[in-house]
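Below, chain A partners chain B and then partners chain C, in two separate complexes.
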Partner chain A sequence: MPVIAVDAMGGDFAPDEVVKGVARASLGTAIECVLVGDEPRIQKILESVSYNPEHISIRHAAEFVEMHEPPKEALRAKRDASIVVGAKLVAEGHAQALVSAGNTGACILACARHFRTIKGIRKTALASVYPRQTEYPGQDQLALLLDVGATIRCDALDLAQFAVMGSAYARRVSKVERPRVGLLNMGAEPFKGGDVLTEAYQRLSALPGIDFVGNIEGNDVAKGRADVIVCEGYVGNVVLKLIEGIAEVVTDVASNAVKRRFMWRLGMMLLARGIREVAHLADYTKYGGAPLLGFEHLFLKAHGRSTARAIENAVKVAAKAVRDGVPQEIAAGIEAVR
Partner chain B sequence: MTTRWDALRARWPRSNGHWSLRPRATRRPAPATVIYRWDLDKTYLKSDFESLRKMMRVPFERARDKIDEPGVVALIRALKASALREQRTAFVYFISASPPQIGRAIREKLALDGIEFDGILFKDQLQHLVRGRFRLLREQVGFKLAELLRARLSAPAGAVEFLFGDDWESDPIIYSLYADVIAGRLEHDALADILVRLRIDPARLVEIKALSQKIAPADAVRRIFINLERRTPPDRFRSFGARLVPTFNYFQTALVLYEEGVVPLAAIVDVGRSLLERSAYSAARLRNSLDDLARRGYVAPAAAVALRAELEEAGVLPSTGVLGLWPRQLWRRWRRRRQRARAPMAPAIAAAAIEYPRLIDAWVASGSRLGGEPS
Partner chain C sequence: MPVIAVDAMGGDFAPDEVVKGVARASLGTAIECVLVGDEPRIQKILESVSYNPEHISIRHAAEFVEMHEPPKEALRAKRDASIVVGAKLVAEGHAQALVSAGNTGACILACARHFRTIKGIRKTALASVYPRQTEYPGQDQLALLLDVGATIRCDALDLAQFAVMGSAYARRVSKVERPRVGLLNMGAEPFKGGDVLTEAYQRLSALPGIDFVGNIEGNDVAKGRADVIVCEGYVGNVVLKLIEGIAEVVTDVASNAVKRRFMWRLGMMLLARGIREVAHLADYTKYGGAPLLGFEHLFLKAHGRSTARAIENAVKVAAKAVRDGVPQEIAAGIEAVR
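Let's look at the complex of A and B:
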């Protein structure tokens, strides 16, 4: 069974929710987790919940990076921060993957400092799954969007590499045999979007082993045309936050409508089951987290507001990605297109 | 005259002809006579009472169908064998609220497992049924407490007891009450009040009071082990004091018994090996179990360090693999070990009198059934 290092001190509700999530994972699976953080605090939380100690170990880390801290300065000042200790554990081979719900910048920086990038990869990418429409029965309800924040600007080669990495992840983790890859752009035509996106289009069309379906516009993101969508980190992050924001607005509008008129309330009651299903589909706690692809080791970034359930799922996804050999699949994919 | 060299030698003992950098851990001396009292279901046997259907199947199970808890057989064998080797006396008794009709299968199962025991007691449900005392069919606190007290009356003077139960029913309360009654820590009025709160049958209440008066007070119960079969949070047992040790597996139980001086290191190795070979445990799972016990304070830091090293050598725990670490990390590890080794041994939780009325109310409120299925 894979060993997963979990940053116990990262996240808005850390360490309570993180430790509880790992405790839940320890009861339901045989995954071994190493909780990294303040040992006495972690132990105290553990003892207050059901857990299986056979699957949990604790590695003490005296410091942690707060969510609001500037990553570079924080890592410089806190050499024994939980995220750094966790990254070192993975780099030294004591664990196979790292999970954190903490400061994203600090997480990426800690990984960049301690993990080696896969040979041939120029930039790593943070990938995120999101719910989308399906076009045919049996199609996965989730698509992959990358990069969503590990980079800001990329060139055409980086985007092509993102496609290889995203395809490998979708093949191994989502079990999509031949993932369809799309390039996020402002138009469907190949010449749209400026030099970088035009060149990226050409590169992706010519890539062997990649099922490139062309440019994907904003209104197609939530449709089932592509299983993997590649874009720059800056754009990807905006898209991801937009999807999250829309889901929140819909919920908010619905709850306001309920308060205003009796008939609307009645209507909402009739729609309740459907709304619950939509909410269930959009529930980020189900998906675990966003994998940082391109390193020899795996890092899974869980949502900052992760609850115990989200952490439990993040641990399971990380273990699955390790078992399915995602970094090895990416390395093979990159090697094939070099 | 003791030289500095002698002092150094005493501090750092030799192991297998090589100088060891491990400090000696202090264990409690073994008592001359020890009684081990075991609950059966969920403690020795992996009985399945989750549904009525499964419960109904239990009386018809054959000995070979019954499954023991991982590591328990190796541990009980070690308890007897180590006492024999060290010329001490050890008694193993089983007590169960199950009916005697299943006794034959249980005895056969114990024989199959190679367990030597000195007595086994069941609850005569048929007698209650015939007499129409239906309430007593489901009641087990009064039954077990009365039988434990009766057994204590015939125990050899000065015998020390270790009790083994589980987190499914009321074992923590029954065993703690028993320990405090025989230690003379509970006044008769206080005991009566507790028994009323526990809704014990009036006839049984009188019997328990009479038995408690006959017992010569002795603080005989050293440890109560609760097998966390249901994975109850250990925090819930804090109010029972340091005497009660919630353990997640029998490797942890063996570690505490080793610290109590009643089993040798070889017993921990046997239990560990049994878990590795028969129950598909990994060495890492055993290491995590030891670390958990140390963090909860049931094994002193110095002892945990020494045990880890010994068990690594025995091949039960994974090797820490210090080779390949940077010198700075090695230095940190060494410094940390020395700090731990120097730390004074302290009990996990300060020993304090148990507040039974509050504890029973909390226990009932938290959904733990007092009575119910046989245990």
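Let's look at the complex of A and C:
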């Protein structure tokens, strides 16, 4: 069973929800977790819940990075920050993956400083799963979008590498044998989107082992055309947060409707499952966890507003990615196209 | 009353729905329209509906650009295409604005060839209205996003000019006195998004007459923080189409729910108005029309799938923009910041 290092101090509801999530995972699975952070605080929270002590250990870290600190400055000032201690634990082989719901920039920076990049990888990418309509029976309900924020701008070769990394992740974790890869663009035709995207289209078409389905426009993101969508971090980040934002608005409209009229309230009750299907859109970005791909070790970014349930899920996904050999699959994929 | 040239041959449902939409506008308003396209076909459709002949004339054009033709090649081969004839009518003063639901690239190219750019403008921008939650009572339910596809990449000065143009449009057409302008970015902090966006942030902060509220992340797009959001065309196009795509998925889920279970069907009926509120998200992108800003003349791009109702609305919006003096307001705004 893999050992997962969990940054107990990262996230809007840390350390409480993080520790509780790990406690839940300790009861329901055989995964071992190392909680990294303020030991007395962690211990106190653990004492308030039930957990399996054989599956949880604590590694003290005196400091932690706040959610809105500038990453570079924070890591310079806080050498014993929980995210740094966690990354070192993994780099030194005491754990096989790292999970944090903390400051995304600080997480990526800590990984970049302590993890080795897979040979041949130019830029690492943060991938996010999100739910979409399915196009055929049996198609995975989740698709992968990368990069969603580890980069800003990317060139064609970066985008091609994202396709290789995303395909490897989808093959191993989502068990999609031949993931369909799309390039996020502003039109379907191969010549759309300017020089970088036109070159990326050509590169992706020529990549062995990649099932490139062409350009994906915004309106296809929520549909089933591609299993893996690649784009630069700026666009990916905007898209991911827009999906979250719209889901919140829909939920708001629905709950306002419930308040307003008796008939609507009745309608909502009868529709409960239908509405839940829509709400999934927000749920998955909150519960799915975003793997940072391209390092020899795994880092899984949990949503900043992670609850205990989200942390429990992130720990499970991280353990699965370790067992499924995601970094090895990425390395093999990159080697194959060099 | 302004005269509006309408490309009768552009759009998925042209010429039928376009001609019918203009016929509706002729009965309900005093706007005069020139239908540009295949005269016998237009005449035949007009004969099948009721309309006010005093408000409609026809200008024959022998050719038209198909929806998926490459724009440059199409305009080179079809010198008498309806969109070109329409643009010339406006450029020569026979009409004050042009409306088309046709091939977006061909429309923009025809305008670029025949309209003069406002002095000082570096790039024109296609703006789109979309509905969002309101933050305070009385706030306009619609916000403006630009550019959504006339450009691909933009520099900081382009983005600053988009802010000036978008503000001018919002002041005149939406009657928002001090439109709040946001920069679409991958984080709230001023230093986010790389060199171009950091410089754009600084420029926007310093622009006289612009109420810059800072960076807007994806999750704020659907909320009320900004009335005008500026970004490069690649991102704006993806965002706009994603909003449409998600709205379609929501509608699909809702109508599937209706098919599946009696209780759900009952719930949907009781919720009808609540669901319609959500469906607005798609409606506005279909019915709002997207003004192309930066030329001395107005062009309004109607959605490709425009129905008669959408065309009628686009004609009204174009007439309003002419009466409200949008190009003059933009010119004054650009002059003020030079």
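In this text, the second predicted complex is superposed on the first by the 325 of 338 C-alpha atoms of A that agree within 3 Å, B and C clash if a C-alpha of one lies under 4 Å from a C-alpha of the other, contacts with A are read in each partner's own complex, and residues count from 1 in each chain.
Please note the rule applied: a contact is a pair of C-beta atoms (placed from the backbone, for glycine too) under 8 Å apart; a residue touches a chain by one contact, two chains touch by 3 or more.
From a predicted model like this one, the values you see are computed outputs, not experimental measurements.
Asks: In the superposed model on chain A, is it clash or fit for chain B and chain C?
Replies: On the shared chain A, the partners fit.
Asks: Name the contact category of A:221: first (chain B only), second (chain C only), both, or neither.
Replies: Second partner only, chain C.
Asks: Once the structures are superposed on A, label A:241 by its partner contacts, choosing first (chain B), second (chain C), both or neither.
Replies: second
Asks: Output check: A:58 vs chain B and chain C. Expected answer is one of first, second, both, neither. What do you get?
Replies: first
Asks: For the superposed three-chain arrangement, provide the angle chain B-chain A-chain C between C-alpha centres, rounded in steps of 10 degrees.
Replies: The three centres form an angle at chain A of 150 degrees.
Asks: Between chain B (first) and chain C (second), which does A:32 come into contact with in this model arrangement: first, second, both, or neither?
Replies: first
Asks: If we overlay the two complexes on their shared chain A, which of chain B and chain C does A:206 touch? Say first, second, both or neither.
Replies: neither
Asks: Go through the superposed model and pick first if A:249 touches only chain B, second if only chain C, both, or neither.
Replies: The answer is second: A:249 touches chain C but not chain B.
Asks: Is A:47 touching anything from chain B or chain C once the two structures are fitted on A? First, second, both or neither.
Replies: In the superposition, A:47 touches chain B alone.
Asks: Going by the touch definition up top, name the partner, chain B or chain C, that contacts more of chain A.
Replies: Touching more residues of chain A than the other partner does is C.
Asks: After superposing the two complexes on chain A, what is the shortest C-alpha distance between chain B and chain C, in Å?
Replies: 35
Asks: Sort out for me which residues of chain C touch chain A in the complex.
Replies: 70, 132-133, 149, 152-153, 184-187, 189, 191, 193-194, 197, 217-223, 233-235, 237-246, 248-250, 252-254, 257, 263-264, 266-271, 273-274, 277-278, 281
Asks: Using the touch rule from the top, collect the residues of chain A that touch chain B in their complex.
Replies: 1, 3, 27, 32, 39, 43, 47-58
Asks: Tell me, which parts of chain B touch chain A in their complex?
Replies: 231-235, 248-249, 281-282, 284-289, 291-292, 295-296
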